[in-house]
Each structure stands twice: as structure tokens, then as C-alpha cells.
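Presented sequentially are two complexes of subunit A, the first with subunit B as partner and the second with subunit C.
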Partner chain A sequence: MSGYLSGVIAILGINVIFAYGIFVTAAAGQLNLGGAGFQAIGAYGAAILSLEFGLGIWAAIAAATVIGGLIGFLIAFPILRTRGVYMVLATFAFAQVVVGIVLNSNYLGGSMGLIMSDYIETGAIIWATLGVILFVFYLMSTPMGLAMRAVHDDEPVADLMGVNNRAVQVAAFALGGAITGLSGALYAYYFGFVEVQYFNALLSIFVLLYVLIGGTQTAWGPLVGAGFFTLIPEALRMGEDWRFLIFGVLIVAMMILRPEGIVTRDAVDRIRARLSPRARDA
Partner chain B sequence: MLIVQQVLNGLMLGGIYVAVAVAFTLTIGILNFLNFTIPTLFMLAGMIGWSVSFYGLPFGMSEPLGWIPSLAIGILCAIVASLIVERFTYRYFKAKHGDATEHAIPLVSSLGFLLIFEYMILIAHGSDPRGFHTPFGDLNWRVAGLVISIPQVVGLIVSLAIVAGLSVLLARSKLGRALRATAEKPDTAVLMGVEVNRIVPIVFIMTGLLCGLAGALFAVNYGEVSPFMGEQVGTKAIAGMVLGGLGSVWGAVAGGLIVGLTETFSIYFFGATSAQVTIWGLLLVILLIRPKGLFGHNAIGKGKF
Partner chain C sequence: MPDPILELDGVGKHFGGVVVLQDVSFHVARGARHALIGPNGAGKTTLFNVISGVFPPDEGTVKLNGRDLAGVPSRRRIAMGMARSFQNIRLMPHLSVVENVMLGQHARQGLLGQLKPVGLLPQARERRAALDLLDAFGLDAYPGQVVANLPYGIRKKIEVVRALMAEPELLLLDEPAAGLNPTETAALRDFLMEVSARGVTLLVVEHDMPFVNSLCEHVTVMNFGRLIYDGTAAGVREDEAVLEAYLGHRRKGATNAA
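Showing the complex of A and B:
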């Protein structure tokens, strides 16, 4: 595998995991515009655990995932008090505070960042990505996944049908925090350093766009969204600025053509029906 | 005295946030649309104003212009950009789906436009901050040991005057009544004879005007513009709007001034990079205590995404 190709695959893997972290909350009907904050927690968690506490690579990554989940769990309670636009902006504020704290802390490297002492290869990221994809597909097929869909589609009705909305939403935030934290830890170990400038507001916006444009109805959405928007700019091979300009144009066009996201539940059902004649009758 | 000076500086800075926060709160209050292009409209006015004053009009149509016509052109561009956003986000989804119930859709489109405008400017002018020179760049007024920058005072007054004019317009005029009717229930407003399709662009023109004006004031007051000024200033205006409560014009004024004061005090006491933590931390705490902001209307901005 050439260096360029393995680099693209690693970034794709990290972005896909990141997108699934945001997807899990979005699938339960909560927009999280604080992705960069959760990813920064994972990245800095892994960095500090390995540099200061001498944890091994996999122990640090696992611990960073748990930390991400724990913070997602804790922040869910205040954030779930808000609704709609207020919630989107509360998550945004959370990310700004996290990044601001890192920026002001000498212990966390401030604006200089931290340099890792260990590295992982692309192969590890591929396995982690496959694991996360399988896990989220499995999750969406369990009763928990069904409850998340119900809360996403109609909160009052889900409540009437006996779904514990609050528990589902808190669980979704915790899971989302853990998966996003994992992507941050992988990022830190793959690139060998963490710098706070990377975790800016635009990153939160991008990852939410991957998810919304991929589609929040099925677990295919983030995979397609993150894949599409990581690979298309690579394929276009233009200057960095032009990539983002085209990204913007694609977003506007995509919302006009497929406002529910690229992959919708209907589309998945239709493709299934075509692939196996039996499913059509069911 | 130093404290009083900080209060003054905070209020001046807050004046800029106020104009942008009011633009946010208008689109949310009337259209239930979180318009993320607003920070870039603010940036467009400043950067286009700078480019006209430095290079002149595009394609060699003129020599570099003076600062007043340059900023006027910048504001005009912000208004035009705002109307383009209206055409492809709000109007389109209204026409296609009858009702913009999926609020995330125009939100996502507006994020797309944010990228388009920001990177157009970056491609055209690079990422360096640019100096913007006006004849009264450091025209100060010294009273009792305080330094008061006159352009900043004028800016604050202009900003507050426009907001006051706007709230009178909303409360008293026929247009204001139509806007409030649209805010309450668009469909009923149509049945009552309000031409909603002609009203909505007016909201976007106001948005462009407010952001453009704030961008121009920023350029004059601080003598510098950059492609990132939208991110740096515009996002803090969001914090101001949410603090004040969505849909409340005077809430946005209060919120904008509070954010300005918080920022200057935070920088004064804890250093230059601390403002990000204090401003957004304050917002999180306020949302924790009052999930609808300080003066927010109960029904606004709580719709499901």
C-alpha cells in the first residue's frame, strides 16, 4: 500500500468513526454540534494517559474511549434540559469551552500541542473502523436502536408507547461521546501529535454535515457521508481552499436534491427488495 | 479607573456583537431558521470593503475607492449574498415541502453557504489580516483619565439606534405587523392576506444590512479585517443571542453587551486566550439555569430538529 493511499484510508477511518459518534446521538434525535470538543477529549485523554501515566497504546485508547463516554454521559443531563436550537448551541458552547480550557492549560500543552511517544499504523485504524461500523449496525438492530429511531421520529409518541425517552437520549450521548473519543485517541496515535487548533468550530460543523448529508435514518448514512466527503476532495486533487469551496457547493446541491440525506430508510428497503425477492413479500 | 475603562471597552465591543446578534435573532424569531451564514456576511462586508479600498472595483472598473464608498459596497454585497442564501435555502424548501419543518435542512444549507463565502474570500485574498485605514483611526477623546475612541462611540450609537428603529418598525408599522404575523403562524398569515413570499426576503435584507453594518463598524473601529473575523466575532454574537434568548431583539442587545463585557474583563483579568472559556462557559451556565435564555420567548427555537 502506498504511503499516500494508506494516509487517505487512515483519515477516512478516523472520519468515519467520528461521524458514527455524532450519528448515534443524531439517530436519537439530538443534533450535536460539539463534535470537536468530544474528539479533543479523546485525543488529549489518550495523550495524557500515555505521556504522564505511561499507559500502553491499546490501554490508553480504551481508557480515552471510556473517558469520552463518561463525559458524554455527564454533559447529557444539562444539555438535555435544552431543546431545538438551544441544544445545538449548547453542544457548540460545550466544545468551545473544552477547546478553550486546553488552550489555556500548560499541562495540556496549550497552543503548542502535545507530541505522542507511540504510533499506530493504518491497519489498526481499519480494524477499529470495521469494529465501530459493525457495532453501530448491530446497535440499530437491537430494541435500543428501535427506541432511538422512535425518539428520533416522534418523541411524544415514543413516550406514550413506553419508551423511556430520557434514558435513551442519555445513553445515546454517552455512546456518542465514547465513539467520538475513540476517534480522537486514534487521531492522536496516528498523527503522533495533538494540537488544539485542529479541534476548531469548523471541525464540529464538518462532522455534523457528514452525518446529516449521509442521512440519519439508517446506519449507512455516516459511512456514505464521511466516505463521500473525504474521498471526493481527494479525487478532485485541488488546492485546499478549492476543496472546501466545492464541499460547500456540494452541500447546498445535496440539500436541494436529497434533503433527507443520501441514504434514506426507503432507499435501503428498495435496494434490499431488489436484491432478495423474498423480502419484497415480507 | 482601569475598571471603568474596561467597562467602556466592553460596551464598544458589545456594540458590534449586538448588530450581529440581532440579525441572528430576527431570522430565528420570524422564520425559525438558524442562519449560519450570518458570521460570513459580517466578514464579507469587511473583506469586500477592504478589497475595494485597496484594489478598486473588480476588472479594473475603477481606481481604489475611499473608505466610505468601499464600505457601502461591502454592505451591499452582504445584502446581495443574504438574498442568494434566501433563494437557495429558505424559499426553496418552503416551495418544495410546503413548510420548513425539517429545520435541519435550511441549517445545513446555510452551513454550505458559510463554506462557499468563506473560501471564496480565502481564494481571492489569502488568509492574512489586512489593515483598513480611515482618517480617524485613532481619534480619541480623553476625559478624566479615560480614553474613549470616538469612532467606537459613534459605532455603538449607530448600532443601538438601528436596533431601536427596528423594534419600533416591528411594533408599529404595517410591515412589522406582517412580520410578527408570519413569525406566529406562516400559514395563517397567508390566509389573512400577508404576502409571506414578499416578506421573507425583507428579513434577509435586514439580516444582510445588520451584518454588513457590523462588519463595516468593525473595520473602522479596529482598523483591521481578516477572512476569519466572521468565525472570531460572529460566533460570539451567537453566544450573545442565545444568552439574551432567541427571538427577542432587546434580549440580543443585552446578550451582545454582556458578551462584550465578559470578553474584555476576561482578557483583562485572565489573559488573551481566556475569553473563549468564559464566554461559552457563561452561556452553558445560563442555559443550565434558564434553558430559554434570559429574555427568550417560550415557543421559539424549541422545535424538533
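Showing the complex of A and C:
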């Protein structure tokens, strides 16, 4: 594998995991525009646990994932007091607070960042990505996943069906925080440094776009969305000046042509029916 | 009435200054097919919302199987044996038919059941039960389809099947026949007769009087938030107050002339 290809695959894997972290809350009806904040927590968590506490690579990554989950759990309570666009703003504000704390902390390296002493290769990221994909597909196939989608579609009716909406939403935030934290920890170990400028508002916007344009109805959405948004810019690299313009036009075109995301329930059903004509009867 | 499943006692509800329910008291007998009728705006849907716990009553009590429901969260009531449908169809638009119906099982599944990968196991017990129930009511043609694309009459029935999937003792139906054509209405009547034969108590809000007469043996009538009749289906046609509520404009005209 060439260095270039291996680098693209690693970034793809990190972005796919990141997108799944945002997807699990979106599937339960909450838009998280603070993705970069959760990813920063995972990245800095792994860096500090490794540099200051001497944890091994996998222990630090696992611990950073748990920390992301805990923070997602705790932050869910104030965030879920807000609704709609205010919730989106609250998650956005959360990410800004995280960045602000890092910038003003010498312990966390401030604007200089932190340099890791250990590294992981692309292979490790591939395995982690496969694990996350399998986990989310599993989750969405359970009654718990069904309850999440029910909360997304109609909260009052989900409640009357016996779903504990609040518990589902908090769990989705915690899980989203953990998965996003994992993507941050992998980022830190793959690139060998963490730098707060990377975890900016644009990153939060982009990852939410991956998820919304990929589609939130099925677990295929984030995979397709993150794949599309990671690989297209690479493919368009030739005309550097035109790259963002073409990218922007593509986004607008996607939203007009497939307003519910690239991958919808209907699309998955159609593909399945074509692959095995008799599966419809099952 | 020796064994009521549902007891309403002095139920009152107001929104701001508007009194929507006032001193509503009646019982629903276990196993009954009981209709709740009344002109538009009488408070029927509001009463269903109070019974299912969407909001609490301002006065009075609601008892299910003798247990006062005050303070019981709405999401716990389905597990206590009460399920409902909605006047405006409230199926989950992005879920398939069978997924919507499987949602009706939610309250009966423990934590471990919540974590079973039902969607990956084509023969899972949960899916089979939902498919069988759809089958039993002639809806086996649609299991994998997304609900939003289906005709109104079909969605209306799926909502009833979803409620049944909870295995309720008491089923509250808010205008199940509204928007159905005569053939579909007749089919719905047979369908509900079958549900009733399975031992489920029915409390049905409905405007279609021939439908009510052919389904229910007991009728409660409300007007302007108050109960004006509670008795047999046969008796309702001769009742003065009911006639006045439905044909009130004639009476008023007569009074004015006098």
C-alpha cells in the first residue's frame, strides 16, 4: 500500500467513525453540531493518558472512548432541556467551550498542541472502523434501535408505546460521545500530535453534513456520507482552486435531488429486492 | 356494573379559561364494546388524552383495573394493559409496517430483549409475532414497506394492529372508521368484532352511527364536555338530551319562535 493510499484510508476510517458518533444521536432525533468538541475530548484524553499517565496505546484509546461517553452522558442533561434549533446551538456552544478550555490550558498544550510518543498504523484504524460499523448495524437492528428511530419520528407516540424517551436520548448522546471520542483518540495516535485548531467549527459542520447528506434513516448513511465527502475532495485534488466550489455545488445538488439523504429506507429496500427477488416475501 | 375495567369519576379539564371536560363519570365494563360519541368539540379526544396520560385531569380520578392512575407516567400505562390509536394517524413515517407493529411490543420487552438483534434475524420471535398479527388481519401484503407510502385505510388498520401488539386488555380507538369507505368500514367492524372475541375491551370514539350501532352494545354521549347519556345503544335513539345535542338547532329555532 502506498503511503498516500494508506493515508487516505486512515482518514476515511477516522471520518467514518466520527460520522457514526454523530449518527447515533441523529438517529434518535438530536442534531449534534458539537462533533469537533467530542472528538477533541477523545484526542486530548488519549494524549494526556498516554503522556502524563503512561497508559499503553489500546488502554489509552479505550479510556478516551469511555471519557467521551461519560461527557456525552453528562452534557446530555443540560442539552436535552433545549429543543430544535436551540439544541443545535447548545451543542455548538459546548464544542466552543471545549476548544476554549484547551487553548487556555498549559497542561493541554494551549495553542501549541501536544506531541504523542506512540503511533498506530492504518491497519489498526481499519479494524476499529469495521468494529464501529458492525456495532452500529447491530444497534440499529435491536428493539433499542427501533425505539431510537421511534423517538426521532414521533416523541409523544413513542412515549405512549412505553419508550422512555429521555433515557433513549441520554443513551444516544453518551454512545455518540464515546464513538466520537474514539475517532479523536485514533486521530491523535495516527497523526502523532493533537492541535486544537484542527477541532474547529468547520469540522463540526462537515461531520454533521456527512451524516445528514448520507441519510439518518439507516446505518448505511454515515458510511456513504463520510466516504463520499472524504474521497470526492481527494479525487478533485487536481484543480485546487475549483475544489471547494465543486464540492459546494455537489452538496447543493445532493440536497435538491435527495433531500432525505443519499441512502433512504426506500433505496435500501429497492437494492435488496434487486439483489434477491424473493427477499421481498420474507 | 360488577367488574369495570375503566372507571372515570368526576373528570374535569380546562385549557386556560376554556372548560373542555366537566364532571365526566362513567364506567367501562370488562369485555364490553363501548362507544363514546358526541358532536365535534365535545371533548372525546381530550378524554382519551386524560385516560392515556398525555396530560393529567384537573379534577377527578381515572382508574384502570381498580388502580388510580394519578401520577402514573403515560409511558407506563401501556404495560398496565391500555393501548390506544389516534384520530389523526400517528404511525412512525420512516419505519416499515412490520417495524411499526413491532414497536407495539416495546413495553413487554425486558432490557435483554431490547438488545436482541431482531432486524438481523429473519425468524426472530418478535418479527414472527408481528407478521402473524398482520396476517390475521389481512395486512400481510405490506410488511416491508415504509408506512408513509401506504393508502389511508391501510395505515388506519396498521395503527390498530400496533396497539393490539401490546396485548392490551383495554383498547381505546379514536375514530377508527373516519375516512374509510363503506366496504372498509364493514371490514373494520368485523375486525373489531374479532378483537373483541379475543377478550379485549373496546372503547371507541366514532361519528359513524350505523357503525357504532352494529359494533357497540353500550353508548356514552358527551356534549360540551359533559356527559349527557350513558346506557344501551338501543336507548340512545330515544333519549331527549341526545336528540337535543345533535338536533339542537331545530329546538333553538322552536324556542325562538315561541
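Just so we're on the same page, the second predicted complex is superposed on the first by the 276 of 282 C-alpha atoms of A that agree within 3 Å, B and C clash if a C-alpha of one lies under 4 Å from a C-alpha of the other, contacts with A are read in each partner's own complex, and residues count from 1 in each chain.
Throughout what follows, a contact is a pair of C-beta atoms (placed from the backbone, for glycine too) under 8 Å apart; a residue touches a chain by one contact, two chains touch by 3 or more.
Just so it is clear, the model here is predicted, and its values are computed rather than measured.
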{"item": "Clash or fit, subunit B versus subunit C on superposed subunit A", "value": "fit"}
{"item": "Contacts of A:Glu121 with subunit B and subunit C, given as first, second, both or neither", "value": "neither"}
{"item": "Which partner, subunit B or subunit C, touches more subunit A residues", "value": "B"}
{"item": "Which of subunit B and subunit C A:Ala150 touches, first, second, both or neither", "value": "second"}
{"item": "For subunit A as apex, the angle formed with subunit B and subunit C - C-alpha centres, to the nearest 10 degrees", "value": "90"}
{"item": "Partner chain(s) touched by A:Asp269 [first = subunit B, second = subunit C, both, neither]", "value": "second"}
{"item": "Partner chain in contact with A:Glu52 - subunit B first, subunit C second, else both or neither", "value": "neither"}
{"item": "Partner chain(s) touched by A:Ile256 [first = subunit B, second = subunit C, both, neither]", "value": "first"}
{"item": "After fitting on chain A: smallest Cα gap, subunit B-subunit C, Å", "value": "13"}
{"item": "Subunit B-facing residues of subunit A, complex", "value": "29, 31, 78, 81-90, 92-94, 96-97, 99-101, 103-104, 111, 155, 200-202, 205, 209, 212-213, 239, 241-242, 244-245, 247-252, 255-256, 259-260"}
{"item": "Contact set on subunit A toward subunit C in their complex", "value": "137-138, 140-147, 149-150, 152-154, 156-165, 217, 265-266, 269, 280, 282"}
{"item": "Complex interface listing, subunit C residues touching subunit A", "value": "52-54, 74-79, 84, 86, 90, 92-96, 99, 102-107, 109, 113-120, 122, 126, 144-146, 149, 162, 166"}
{"item": "Complex contacts: residues of subunit B adjacent to subunit A", "value": "28, 34, 36, 88-89, 92-93, 96-97, 102-105, 107-109, 111-116, 118-120, 122-123, 231, 235, 238-239, 242, 246, 270-271, 273-274, 276-277, 279-281, 283-284, 287-288, 291-293, 301-305"}
